[in-house]
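This structure is in structure tokens; I'll ask about it shortly.
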Amino acid sequence: MLKPLGDRVIIELVESEEKTASGIVLPDSAKEKPQEGKVVAVGSGRVLENGERLALEVSAGDRIIFSKYSGTEVKYDGKEYLILRDSDILAIVQ
Amino acid sequence: MLKPLGDRVIIELVESEEKTASGIVLPDSAKEKPQEGKVVAVGSGRVLENGERLALEVSAGDRIIFSKYSGTEVKYDGKEYLILRDSDILAIVQ
Amino acid sequence: MLKPLGDRVIIELVESEEKTASGIVLPDSAKEKPQEGKVVAVGSGRVLENGERLALEVSAGDRIIFSKYSGTEVKYDGKEYLILRDSDILAIVQ
Amino acid sequence: MLKPLGDRVIIELVESEEKTASGIVLPDSAKEKPQEGKVVAVGSGRVLENGERLALEVSAGDRIIFSKYSGTEVKYDGKEYLILRDSDILAIVQ
Amino acid sequence: MLKPLGDRVIIELVESEEKTASGIVLPDSAKEKPQEGKVVAVGSGRVLENGERLALEVSAGDRIIFSKYSGTEVKYDGKEYLILRDSDILAIVQ
Amino acid sequence: MLKPLGDRVIIELVESEEKTASGIVLPDSAKEKPQEGKVVAVGSGRVLENGERLALEVSAGDRIIFSKYSGTEVKYDGKEYLILRDSDILAIVQ
Amino acid sequence: MLKPLGDRVIIELVESEEKTASGIVLPDSAKEKPQEGKVVAVGSGRVLENGERLALEVSAGDRIIFSKYSGTEVKYDGKEYLILRDSDILAIVQ
């Protein structure tokens, strides 16, 4: 298993179609398009200058929207993942 | 439903015409033009270096003016939204 | 009415002539020229890293000089305004 | 009268000649040349992240040397002034 | 022996093949590709602005994934190592 | 006399020859070459974000080595000086 | 003698050969190559924003590896030294 460090999360990509199961459709525009994923593992959070460690706002299992072109691709046990910083996560799909 | 993270807000666009219902008219100039929107959901706020989480100044339902070209477009359940950081919000229309 | 957020202020432009009523004349030079305005509304101020919110140094009604080319133009109820950050304000005309 | 904001000061320019009254001569070199001025008014100072407001090191009446090309020119009541940040002031002439 | 300073770690490279022993396969894409390594020694951590020294999240012996092209190569006693900052470490392989 | 502000110091240049009195010789290389000087006056120091003013590490009379091309030249009472920030000082010659 | 300021250290270069006495060999690659040196003198450390001065992790006599192309060359009493910031030091050779 992969354990992300700091404020990083590991996600599985949810392939974007015109209309996904959760109802998100990415528009046809020149703007940066977000992508959808599912959180697999989260880091222990970043440390503030007062020494406090700040827990992430997302948990394993959450479906999220993140900024496209962010993160690093990795394959593990034959599956593809993406390692993101939590600041690249835009919203949780509830 | 979409829940924005940190200091982000989700808004519905209010289409800008020469003169909108709320009385805002965007001028004809070379300067960056603001746009109008309605807040749909707000994040829990950014965390200060002393560990305190700072609540946003806007709430769901507020009509706002924001900097054009800021934010990320997303469609959800067939409707278009924009995810902004609260620092891209210029003013509340009261 | 428009309520600016954070450290922003909303001003009415005072049209700059060679010599304005308040006695300010903008010089003929290659340097950045300031402009004059009147404060219409002020935000609640920016938040310091210790959580304290810092009140602005200007109030509604103040005549100010600000850096030209700063801020965002907006029309509201048929009148033109400019939304500035308070760091773009150079001085108060007393 | 003009009241500068924050860490800004308003100065009157002292025209630089080969040798000024106070004895400062600007050298003939490719380096950035400083200029001399007299402080007319000072702001209330910048605010530290602990909320404390830091008084300026210069007062009205001080003769100062500042970095050339810094600041913003303004005319008021027919006289020319320069609005500087105190970080552009190099030294006080005592 | 080499003792890294601050938030640095020293690692041995694990040569990346199409499929490594631990099951990580680096994908064929234009994105930045991570690499795998084994931690040999860790620094005492970076110091926060409150004076506290923050221990690293990795220990000697950990298998890690790090951002390719990060770090500095060094040979010591005939073996090749890489000196990284801990912020270049993406995840621990558990 | 000139009183430098904040973390600035005023120095007299010590002309660099192949071998100076204090034994410093500047090498013939493509690297940035340091220069030698003597401190004439020091500022009251920079202010930390906790409000404390940090005294400089150098005093009037110290011989120092500083980064070449740093600082601002000024003439006063017919003598040439250089105004530096203390962060441009590399070492004290003891 | 030279006393470095703040977080600076003064080192003597240890000429890099294919294989040095301490066993470090610099690899033949396009990556930035580190160099070896011996610490001659250390500064009193940098000051944190809480006013605390942070002692360096290296002491006079330590053999270190540092990032090539960092620091400033200086000759003193006929010997060549390099003045570095401690953040340019990668590791101590123990």
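A, B, C, D, E, F and G label the chains in the order they appear, each numbered from 1.
Note that a contact is a pair of C-beta atoms (placed from the backbone, for glycine too) under 8 Å apart; a residue touches a chain by one contact, two chains touch by 3 or more.
Each chain and its UniProt protein: A, B, C, D, E, F, G = Co-chaperonin GroES.
In this text, all values refer to a predicted model and were calculated from it rather than measured experimentally.
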Those chains which touch subunit F (Co-chaperonin GroES) and also touch subunit A (Co-chaperonin GroES): none
Common touching chains of subunit G (Co-chaperonin GroES) and subunit A (Co-chaperonin GroES): E
Subunit E (Co-chaperonin GroES) reached from subunit D (Co-chaperonin GroES) - shortest hop count over touching chains: 3
Rotational angle, Cα trace of subunit B (Co-chaperonin GroES) fitted to subunit D (Co-chaperonin GroES), multiple of 5°: 105
Mean-CA-position distance for subunit G (Co-chaperonin GroES) and subunit C (Co-chaperonin GroES) (Å): 50
Whole-Å gap between the CA centroids of subunit B (Co-chaperonin GroES) and subunit E (Co-chaperonin GroES): 40
Centroid distance [mean C-alpha coordinates] between subunit D (Co-chaperonin GroES) and subunit C (Co-chaperonin GroES), Å: 22
Junction residues of subunit F (Co-chaperonin GroES), two or more chains touched: 49-50
Contact graph of the chains (line, ring, star, complete, other): ring
Ring of chains, enumerated from subunit C (Co-chaperonin GroES) in the sense that reaches subunit D (Co-chaperonin GroES) first: C, D, F, G, E, A, B
In the complex, subunit C (Co-chaperonin GroES) residues that touch subunit B (Co-chaperonin GroES): 1-6, 8, 10, 44, 47, 49-51, 72-78, 80, 83
Sites on subunit G (Co-chaperonin GroES) touched by subunit E (Co-chaperonin GroES) in the complex: 23-27, 29, 31-34, 48-50, 52, 54, 57-58, 65, 67, 86-87, 89-94
